[in-house]
Every structure is written in C-alpha cells, then in structure tokens.
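Read from first to last, the chains carry the letters A, B, C, D, E and F; within each, the first residue is number 1.
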Amino acid sequence: MFAVEVRDHIMIAHSLPSATFGPAQGMHGATFTVDAAFLASELDDEGLVVDMGLATEALAAALAPLRYKNLDELPEFAGKFTTTEFLCRHIFDRLADRARSGGLGGSARVRRLRITLHESHVARAWFEGDL
Amino acid sequence: MFAVEVRDHIMIAHSLPSATFGPAQGMHGATFTVDAAFLASELDDEGLVVDMGLATEALAAALAPLRYKNLDELPEFAGKFTTTEFLCRHIFDRLADRARSGGLGGSARVRRLRITLHESHVARAWFEGDL
Amino acid sequence: MFAVEVRDHIMIAHSLPSATFGPAQGMHGATFTVDAAFLASELDDEGLVVDMGLATEALAAALAPLRYKNLDELPEFAGKFTTTEFLCRHIFDRLADRARSGGLGGSARVRRLRITLHESHVARAWFEGDL
Amino acid sequence: MFAVEVRDHIMIAHSLPSATFGPAQGMHGATFTVDAAFLASELDDEGLVVDMGLATEALAAALAPLRYKNLDELPEFAGKFTTTEFLCRHIFDRLADRARSGGLGGSARVRRLRITLHESHVARAWFEGDL
Amino acid sequence: MFAVEVRDHIMIAHSLPSATFGPAQGMHGATFTVDAAFLASELDDEGLVVDMGLATEALAAALAPLRYKNLDELPEFAGKFTTTEFLCRHIFDRLADRARSGGLGGSARVRRLRITLHESHVARAWFEGDL
Amino acid sequence: MFAVEVRDHIMIAHSLPSATFGPAQGMHGATFTVDAAFLASELDDEGLVVDMGLATEALAAALAPLRYKNLDELPEFAGKFTTTEFLCRHIFDRLADRARSGGLGGSARVRRLRITLHESHVARAWFEGDL
C-alpha cells in the first residue's frame, strides 16, 4: 500500500462539558497539527497517489470552517463532545466527501484516508477508514 | 478505526550479553520515549476512545517498575535480552492486563494496543496486538 | 554558559480583539508547548545548574493558573493582548519570582531564564532575560 | 506484530517534467529523511526482529546509489517520474531484495517492510508491503 | 529580549564544485526547512514583536526566488558556493532589506534577525545579525 | 554570527549517588541526542564555517569514549556527578581540544562551540563557550 501525507494546523476554542473531562470542562482551546494521509494500492502514470498540491488544498478546505473558531458556537457540533478523536472523524468525513466528488483530481487512486490530530507533544488521535 | 495515543518516557540501564549486540554487550542505557496507542472501532457517548487522563495514568503505571532501573537486576527479565522490541511487548502485556481488568474506565471501547519505544532519533520499535 | 531546559504544555482559549489579528480576533485557542531554560555560568558541587525535578515543578506552578483556562476571563489579563510573545514574558515573570524566592532550591545558581512557547509546528516565540 | 525502524537520509536533485507538477517541473531537489521499518510476527531467541546494525547497513546500502545524485541522470529512472511515493517503492524493492538474499542476518524473521520518505516538515509518503 | 519565529521550506538543486565537498560536488539537492526569528527588546501596544502573518509573508517573499530552483542557474550565485550557511546569510539579507523598508508593518520593533536552515535531521546552520 | 550544527547520539549507563537525584540515584541510563554547534563570525572562501563532514567526525571522535559505556566505570569521571549539564561541558572540552589542534581543517574559522544534550522529549541541557 502507498500513502502520501500532508500537514496543516488549526487553532480552536471549545469546552467539554462533562465531569469526565475534569479540568477541560470549561472553555479552553487547542492547536491541532493535522496530518491527512491518502492511501492507494497503485500509482498513476505520473507516479502519484495524489497530487500533493491538490491534497494540501483539499485538507485546507476541510479545515477552513474550523480555523480560529469556537467550536461550541458551530451548529454542526451542537450536543456533541468535540474531542480530538471526534474531530479526526469529522475532518475525515469532510475530506472523504471531497475525494468522492473528484476534489483530488481525475487520476486520483485514493481508496483510504487517515486523519491524525496532534493536540500536544504528548497526545494525539487518529481515524482511518475506507472511502 | 479510531486511536488515541499518549506519550511518557523511561531512563534505564541494561546489558545485552551476546556477540550479536557488538558494542552494546556491556552495561549501557537508554532513554525510551514511549507512545501507547489505544485503538477502537467506535467512540463512546462522550466522543472518546478512552479518557486521555486514564490512558496516561495506565501508561505511567505500566512503566513505573522500569523507571530509573537497571533491567539486569529485575527478576522478571532474568535470562532475557531486553531489546527495544522485547520491551515493547513487555509494556504491551502490562497495559493489556490493566485494560482487561477495567483500568481504562467503564466505558472504554479499546480493542487493540500499539506500544512504540523510540530509543534514539534514528531508531525505534513497536508491538501492536489485540486485547 | 550552562543551561538546563524542561518542557510542559498548556491548552487555553483567548481572543485577540484588534483588526491586526485578522481571523484570530474572535474566540479561538492554542496548545502552547512551553520550554523553560535556566542559565548559569557555573555548576554546583553536584554538577547541576538546577535540579530538573525542581525546575519541572517550578514551571508547572507557573503554568497552573493558565491551564485549561479562557485567558479573556482572567483579571490579570484585562485590557491586554495575550499574544504568544506576551505570554512568554508573563510566564518568565512568574518563574523569575519563584526563582528569586528560593523556589529552585538553595544551591541554584540560575542567573537568567528563557521561556519559549511553541504555538504550532510553524510558529513560536520566546523571551529571555536576567533574573 | 513487531517492528523495528531505522532512519537515514539522502540529498538528491531531480525534475518532474509534467504540467501536473507545476513549479516542480524544472530541476530542483530534496532532502529525504528515510525510515525503514522491518516487521515480524515473532522475535528470535535474542529478542530481535532484526539486528539494528544490520538493518541500518541494509538501508544505507539501498540508499547508496541515490546519495548526492541527480536522479534524472540514472539509467534506471529513465522515463519515470521520481516522485516521493515512487522512490518509496524503489527503495522498498532494493531493501526487499537484500532481505530475501539473507542480508538481514540468518535469524531475521522479517516478513514485511515499510519505507517512509519525509520530503519536508509538511509532507511525506510511504510504501508498505510483504517480502 | 523577545523573539517570534516562523517556519517555511524550499526544495532546491545545486552543486558544490570543490574537492572539499566530496560526494556533494555534483548536482544534488536539498529540502531546507527555514526558520526566521525576529528579535526585539520591547513589544508594541498590541503585545507584538511583529505580526506573525506579516512575518510569514516576508519570509515567503524572501524565499520565492529560490523555490524549486537550480541554484547553479541563478545569476546572483555565480561563482559562489551555495552552502547551507551561505544561504542563511543570503536569506537574512533579503529579509533584512524587507524589514528596513517597512515590510514588517509600521509598528514593527524588530532589531535583529536569525535565519536557520535545517538541511536534514542531523545538520543545520544559522546566521544571526542586527538589522 | 554564523553557526553550523551537527547531530549524533550516545547510549550510556550511570548512577547519580546523592539524595538530590531521588529515583535517579541508582544505576540507570540515558540516550543523549547530542548537537554540536560551531560558531564563526565569517565564512571561508568556500562559504563554510566548517566542513560538515569534519564537524561530524570531530563530534563522533569526542563521543567515542562514552559510547555504550557505564560512566561510573570511567576513571575520568571518578568522584563526579555525570549530570546532563556536566556531560555537555565534558564533550565541549574534548571537542574544543580537537578544534584547537586543527581537527576541524585548516580553514576552519570556528571561534565558539555549543554542545546540547537532549536526555528525553521533555529535558535537555547545553554548554556554550569560546574556544
């Protein structure tokens, strides 16, 4: 299996209102370094899994609605706990939609994605799944 | 598949008494940066694979008997070569025991673990397996 | 000149309410990886600039009031822009107070501090000054 | 599954002569930090997936023909686009040949390899496959 | 002293035609991860050394003429050895010009710059000087 | 000021026999990632602070007597606490001797060195001084 992975980041505020989260229940925030890996079983005629420029644009587009936002104010997250692993899945879904609708270029052979969010130098989460 | 990964470290001495290990046959040591990844196929109602606080405590508990130790003096390693990959498995087994006995919290959905030990900026090892 | 540097992190929310900050004017957040360097021109009789355990505790104490907080709600920051470089100085001042009052141990020879905040994989700031 | 991974690097020039590659069509270059992971389901009697010294030598040998080269001038790459993911596969094939011919030592239990090339702090690619 | 540092990267080809450079005499290349640090002794009224957005743009502008280029073909480098430390100084000069001509914004208090080029995971160079 | 920095590592055992060191009093060990920075105010005619190959060899030679050793058994450390900052100075002295005796090449313009030892992902130390 081949993979290409590109990196971006977002800086967001949110709260995690349940006793489970202890000191993180109140309004706080995070820088998430975001890695998006695109997996394919073969390369195209130009030796690509996906054009890195398109991959980077696709990741940036998936992150745009979250960039510099207070996630508690976004309607799509109402009633949800925006944990690191939840956000991995959310970004996966957005990027998967884009991939399925041709946003990775005509020759893209991507069959699978993995989204990793690094929340600090000691913790990260990821979600990996098929397109 | 979802994953959450947390990081800790240990500083240990040991020897690797076989000609295979060349200059590492005698007493020397290592800092192992240790990543423990907890994998699950679904999130719980609070958007979690596992509570990161509990995951961090579980990893620290698994590492406690090794911290600042000379591994050559620990009875459980008698007759064993405490290579990096061997220690990955050892820590996996300890953490798996804890996970199976409820040490990751009631709602933990963890089904699989991966333990990575970074022994330097140019070498690391890991062991991954089901619970 | 000798130095010892230890690392911790905080996850905070804040806003930067001036047109200068563009998309960062509203409520958002950051993970700051924080490095505190302690500088001295000589070592003590035990070969130390400062005991790393005490240095780590001192940094954690300086960060405690900020951990998982919305900085906009802290009285000490009223009317201030809590930029990364401003926070470097703020943490420097807290740690310097602790150092001056003996919080680094009796034998500490620390004469200078540098506080570095990494706000993402592509941006960081620091403040360095004498005690 | 166990794994051991070692790191090396190469600095090469090449061009990517297709409109797809935009500004990278002309002669430019890259430092590739190269990670080679060796995977096995069991350890040998000395607690090893593979001897790290042999693994490091095997990787260095696989990289030697590329080190400080202009890839456009190497006959084996004539008519090929030497993308990062293409080079992952190329290095995989060389290292796999060596592994199959006993170059990882008699007791090596390696069954699978993964080659990762980091081309910058924001992009990397890998190829993973069975021996 | 305060500092703000931002990161970008370039991928270039070049040769170093002197026996001193051994295997690097021929055409090869590098990814340079570039850090630009902006130093000031005081913050402005908005808590800034320099606006990070402007700093990032200024660095990108300084790097633009080098991006994806064969440095051997650039007239400004004729007869020069484009070593990592030489390029640090070259980028410093371009960024210093921009800073002096107001390219860091009206309120910028930057008095000193440091340019660091990481050429691999084991080597880097920097140049630091006053504006 | 120009600088060139190269990286190597050592894996050692030692004890720190004083109550100050708490759990690190007994025999344990460390991987030290070692960075050696060579500083000069001007470049030579080939655009160099120091040849990176020679710098790397000089660092390796300075580290050779420590590699895979139990520092408690080395006569030169008898009665000393081999803390991270102490070892920075020790390696500085060895490398400075080599630099002064021409070991960095005839054209080397190095006037200052900085030795950094990273003992874990959260702690490091350095010593910087003139030749």
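We take it that contacts are C-beta pairs under 8 Å (C-beta built on N, C-alpha and C of every residue); 3 or more make two chains touch, one makes a residue touch a chain.
Please read these numbers as outputs of a predicted model, since none were measured by experiment.
Colleague: Which chain's C-alpha centroid is most distant from that of chain C?
Modeller: Ranked by distance of C-alpha centres from chain C, the top chain is D.
Colleague: Taking shared residue numbers divided by all residue numbers at the interface, is the value for chain C and chain F over half (same) or under half (different)?
Modeller: Copies use mostly different positions to touch.
Colleague: Quick check for the class: compute each chain's Cα centroid; which one is farthest from the centroid of chain F?
Modeller: A
Colleague: Quick check: how many Å separate the C-alpha centres of chain B and chain C?
Modeller: It comes to 31 Å between the two C-alpha centres.
Colleague: Counting in whole Å, what is the centre-to-centre distance of chain A and chain B, each centre being its mean C-alpha position?
Modeller: Inter-chain centre distance comes to 27 Å.
Colleague: Calculate how many whole Å lie between the centre of chain A and the centre of chain F, each centre taken as the average of the chain's C-alpha atoms.
Modeller: Distance between chain centres, rounded to whole Å: 40 Å.
Colleague: Using the touch rule from the top of the page, what residues of chain A touch 2 or more other chains?
Modeller: 7, 121-122
Colleague: Please output the residues of chain D touching chain E within their complex, sorted ascending.
Modeller: Residue positions touching the partner: 7, 9, 11-14, 23-24, 26-33, 67-70, 73, 119-122.
Colleague: For chain B, which residues count as touching chain D in their complex?
Modeller: Residues 18, 20-22, 80-86, 88-89, 121-129 of chain B touch chain D in their complex.
Colleague: Using the touch definition up top, name the residues of chain B that touch chain A in the complex.
Modeller: 1-8, 43, 46-49, 51-53, 56
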